[in-house]
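Letters A, B, C, D and E name the chains as they come in the text, with residue numbers starting at 1 for each one.
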Amino acid sequence: MDIASLIGLILAIGLIIASIALGNAPFSAFIDIPSFLVVVGGAVAAALICFPLGSMLKSPLIALKVILNKGEDRLSLIKQIVELAETARRDGLLALESKVAEIANPLVKTGIQMAVDGSTPEVVEEVLRTEVEAIQTRHREGKSIMDQLGRFAPAYGMIGTLMGLIMMLQDMSDPSGIGAGMAVALITTLYGAIVANVFFSPFAEKLGLISRNEMVSLEIAIRGVMAIQSGESPRAIDQKLRTFLPPKQRNAE
Amino acid sequence: MDIASLIGLILAIGLIIASIALGNAPFSAFIDIPSFLVVVGGAVAAALICFPLGSMLKSPLIALKVILNKGEDRLSLIKQIVELAETARRDGLLALESKVAEIANPLVKTGIQMAVDGSTPEVVEEVLRTEVEAIQTRHREGKSIMDQLGRFAPAYGMIGTLMGLIMMLQDMSDPSGIGAGMAVALITTLYGAIVANVFFSPFAEKLGLISRNEMVSLEIAIRGVMAIQSGESPRAIDQKLRTFLPPKQRNAE
Amino acid sequence: MDIASLIGLILAIGLIIASIALGNAPFSAFIDIPSFLVVVGGAVAAALICFPLGSMLKSPLIALKVILNKGEDRLSLIKQIVELAETARRDGLLALESKVAEIANPLVKTGIQMAVDGSTPEVVEEVLRTEVEAIQTRHREGKSIMDQLGRFAPAYGMIGTLMGLIMMLQDMSDPSGIGAGMAVALITTLYGAIVANVFFSPFAEKLGLISRNEMVSLEIAIRGVMAIQSGESPRAIDQKLRTFLPPKQRNAE
Amino acid sequence: MDIASLIGLILAIGLIIASIALGNAPFSAFIDIPSFLVVVGGAVAAALICFPLGSMLKSPLIALKVILNKGEDRLSLIKQIVELAETARRDGLLALESKVAEIANPLVKTGIQMAVDGSTPEVVEEVLRTEVEAIQTRHREGKSIMDQLGRFAPAYGMIGTLMGLIMMLQDMSDPSGIGAGMAVALITTLYGAIVANVFFSPFAEKLGLISRNEMVSLEIAIRGVMAIQSGESPRAIDQKLRTFLPPKQRNAE
Amino acid sequence: MDIASLIGLILAIGLIIASIALGNAPFSAFIDIPSFLVVVGGAVAAALICFPLGSMLKSPLIALKVILNKGEDRLSLIKQIVELAETARRDGLLALESKVAEIANPLVKTGIQMAVDGSTPEVVEEVLRTEVEAIQTRHREGKSIMDQLGRFAPAYGMIGTLMGLIMMLQDMSDPSGIGAGMAVALITTLYGAIVANVFFSPFAEKLGLISRNEMVSLEIAIRGVMAIQSGESPRAIDQKLRTFLPPKQRNAE
């Protein structure tokens, strides 16, 4: 679980609640359900226009990934690739057939299966790279949904505030109501700023980072499969793939 | 039909109408025809300066594509390509001549026709790629029109508001009219924000997504034609092209 | 003549004039010569700092191009290239010498002249591509001047408004003058927004589009010359170059 | 130590303190701990959502690098490479084994060790380039943390100001308190602007510059190792690597 | 001398002074030394954090380059290269040794010296391209300093205005002082906008343009040296390099 994202989320929300508590206005002054609906509902509506229904329905899960993602275990991926390379060296490429079912990484699995089935290295690489591109496209869409939500939330916040101001300005017969009317008008702008800067924008950034990390693991997988198929020595493969690890981890067993 | 875009559009408009209904100002306070003309007319006028008349006249159709687009049926495209490959394998490339008329995908049609006519693979690929580039240019123009409309609408909204403010400030003899004058001035800004964030900007995003999806289908078509011409086995073509499908669809019949 | 740009320009200006006419303030309230000088003069001054004098003096002509440009007649360009290819096929490359003077397109002219003079295809292509790059650089500068004018006009509008506000705030002894002072201060912001969104920004967009279109014609010219020099058949050249035309025009005579 | 960054930091802070001292408001008017917590705490919280905990904990050290970085001593790096090249020329590549322990630059060390161990030039270069890419990724993350802090600080400043305005507008019964309430509301916006423009944004710029400089040194190291392994003459290596130095330093001993 | 930049600078400053003179406020209302120090001092301080001291000290000279730059004399550069090519053709490459001292262009000088000394064309090109890259990096830094100054000046203007507003709001006991307090607060924003839009931003644009122009001359120099070394005929070199000139200048003697 990604403890930093969870801490950040709790901290950001806590700070906002604390500063309302410290002020002299009641909490109720900051709660306005219709304003919330205009901002969040509006941002979701605009995103629904932009993206397919299937992607939008999956987006809460994608947002959860920000909190729940475990990070890549690249070392064990490299170890498994080296193990496969040893078998291939000792008993030939076809000996990997019995091991395919045990391979955890789907990209390595596909690649080894194709190599065993006799596909040429060029075809194996093309298929794996097309697959990685498809994964990247899915990641980009997930990040892009958060980006758009983070862009439309303040926009709908502004729309709500403009509507509130126009209502207030229409009826200025009671001067004592002007302040309250203006406060309500500003709440949608506040909601838009909070929703964008506590949730959507940081989530989009994090999804980008997670994706870039996963891309490195996928590159390790592809290079591993190619090296096994071209019969490189397990030791050379190990050394080459470990350059993708941070220096400290490089000599780990 | 793209149900998500339609839902999003209805939801966004519904939320705005609902929050006006919930307020204490009459609907008429939000309707001002001249303001609407300045914002939408101004954005269209600015876009007319930017783009050729033909493209502008087609832009309502392009906007409709956001709602009406059906998504790509890549699986059936791949199936048809594999079928053509089987015929070519069995009866030779020239046997495809009789089938050209039945091919639905225009890119596959052009490619197969050229192959049958004896063009070299290099020429076929060059012609198909030039065609794809031309399609991409048309798509970009469509998206670009929406982008510009979404950029000029708020700009003309601001121009309208500035004009309204100047009018109001010129005549402040009647203090009771200031609020109403300011409300009217703000309406153009509101219109600009709504028109950009409910229609033009999300439409531009969606058109970009539709185009990227279509580009994948065109890539499948080109690779399919090239593989048929180079005499690859139907099974290999099928496997290669299916990597462009999402994993779940890959083993579909 | 580019009717769309002219219509757009008239429509945008007409809408602004109409909404002033519909308001209850006199036209004179929107006219302030010093404000106009600060905005337009300031934007031009800033652009003068950015660009060479020669380019700035040519910029009104470049702006006129937005209205006067006729679009590319690619079909007749292709026809002329095919004609030259036929002569070259029938009578040899040297037979083109007598036709060089008649060639309208300067790029084709240079290329054919060089081919006739015995330059190798590599040298011809290099010279033509350097020429195209130089044209593109000139186009970019033209567009860039409009972009900068469209960026500096609102900036000088804001400078004018700030100066107006400071003047007004200095002397608030007569409250009845505050509204008028503020109105005058806002006029420079209005001018900046109008000048940028009616003229400079749409002009920059259009110049970009015109340039991209011209680049396609130049690409046709280069590919045509290269094909003639390498002795391709006129029919193949015709087919290849027509892929650059929109589908409907492709079979035109 | 980077004297310019330190001077800049002291100057920026000094100017802000001086202009408060010159004004007629007490210093206390500019100090509000809860506002400070919302802005800095909020920016840190948002960054925590975006980045892994490990990177965030290291970020104060990275910020210190802006002040403490010493610049690259490229000349002595080149001298050491040339020295290694001389040994290799005179006594063979294997003679470098005894010198590996003395090499200060980690990239040169890794490269020479691999060359001595008999790795092919292709493998050595691949390993070194992967390493450089990993360093660049770490640098980018450091810069990116500062960029995000510099983007979120003003955003949380605005959130704080909006909350302050809403509180103030809720209770306008005491007109004399409006000014003070508004002043407090504006303090978070001020803090956001100061924190972003005195610290985070310039720090991000500087980290980018430091990284680009370090990349040049890493390039020198890689090219040096490759040249030694391919047996180029020390004099040629010296001349080639010195082109990376500024002209004045090029002939230094 | 670059007359356009000088005219632009005088025009921009003149327009601002003229519109103050036309207004009814005294000049003194626009002069506030502490405000000036916060804006310009703050922008310089922030830039000092971003860039090395050496680059910052050179930046006034770089800014002068905007006014003093003379433009590139590409024609005479080409002529000198062609002359060198003629000597090399007639008397051999080594005959150029005696002419090296006379070569004005430093890049041509280095290249010819290396060619005479027997470096291979690959090495000569690598050294020259590394040099050009280093020049481009220096140019980019110069432009980047102006860009950052143009970005931080308005930011410190806003910081100053916020501080002024907070001071004013703290003490509203004397209503007649509010206007003047607000006027002073706005002056820093005005200074930030003027400094950015009259000086730094246009200067950054111009430096970019000067650099792009110089890059073309450097490309001519590199291509010329390479052509001389590979023994191309002076006439061919002349023709090839002249494609870099604008059409009108191409046939100049």
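Heads up, the rule we're going with is that a residue touches a chain if its C-beta (ideal position, glycine included) is under 8 Å from a C-beta of that chain, and two chains touch if they have at least 3 such contacts.
A quick note: this is a predicted structure, and the numbers were derived from the prediction, not measured.
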Listing by label each chain that touches chain A and chain B gives none
Treat each pair of touching chains as one step and give the shortest count from chain C to chain D. 2
When chain B is superposed on chain D by its C-alpha atoms, the rotation angle in degrees, nearest 5: 145
Chain copies touching (chain B, chain C) - same or different residues, decided at half shared: different
Here the gap between chain A and chain C, centre to centre from mean Cα coordinates and rounded to Å, is 41
Could you tell me the distance, in whole angstrom, between the mean C-alpha positions of chain C and chain E? 25
Each of the following residues of chain C touches two or more other chains, namely none
Mapping chain-to-chain touches, which pattern fits: line, ring, star, complete or other? ring
Since the chains close into one ring, what order do they take if you set off from chain D toward chain E? D, E, C, B, A
Chain D partner contacts - residues on chain E that touch it in the complex: 34, 37-38, 41-42, 44-53, 56, 123, 126-127, 130-131, 134, 137, 141, 148, 152, 155-156, 158-160, 162-167, 169-172
Chain B residues within the chain A interface of the complex: 2-5, 7-9, 11-12, 15-16, 18-20, 22-25, 29-30, 66, 71, 176, 179-180, 182-183, 186-187, 189-190, 193-194, 196-198, 201-203, 205-206, 209, 212, 236, 239-240, 243-244, 246
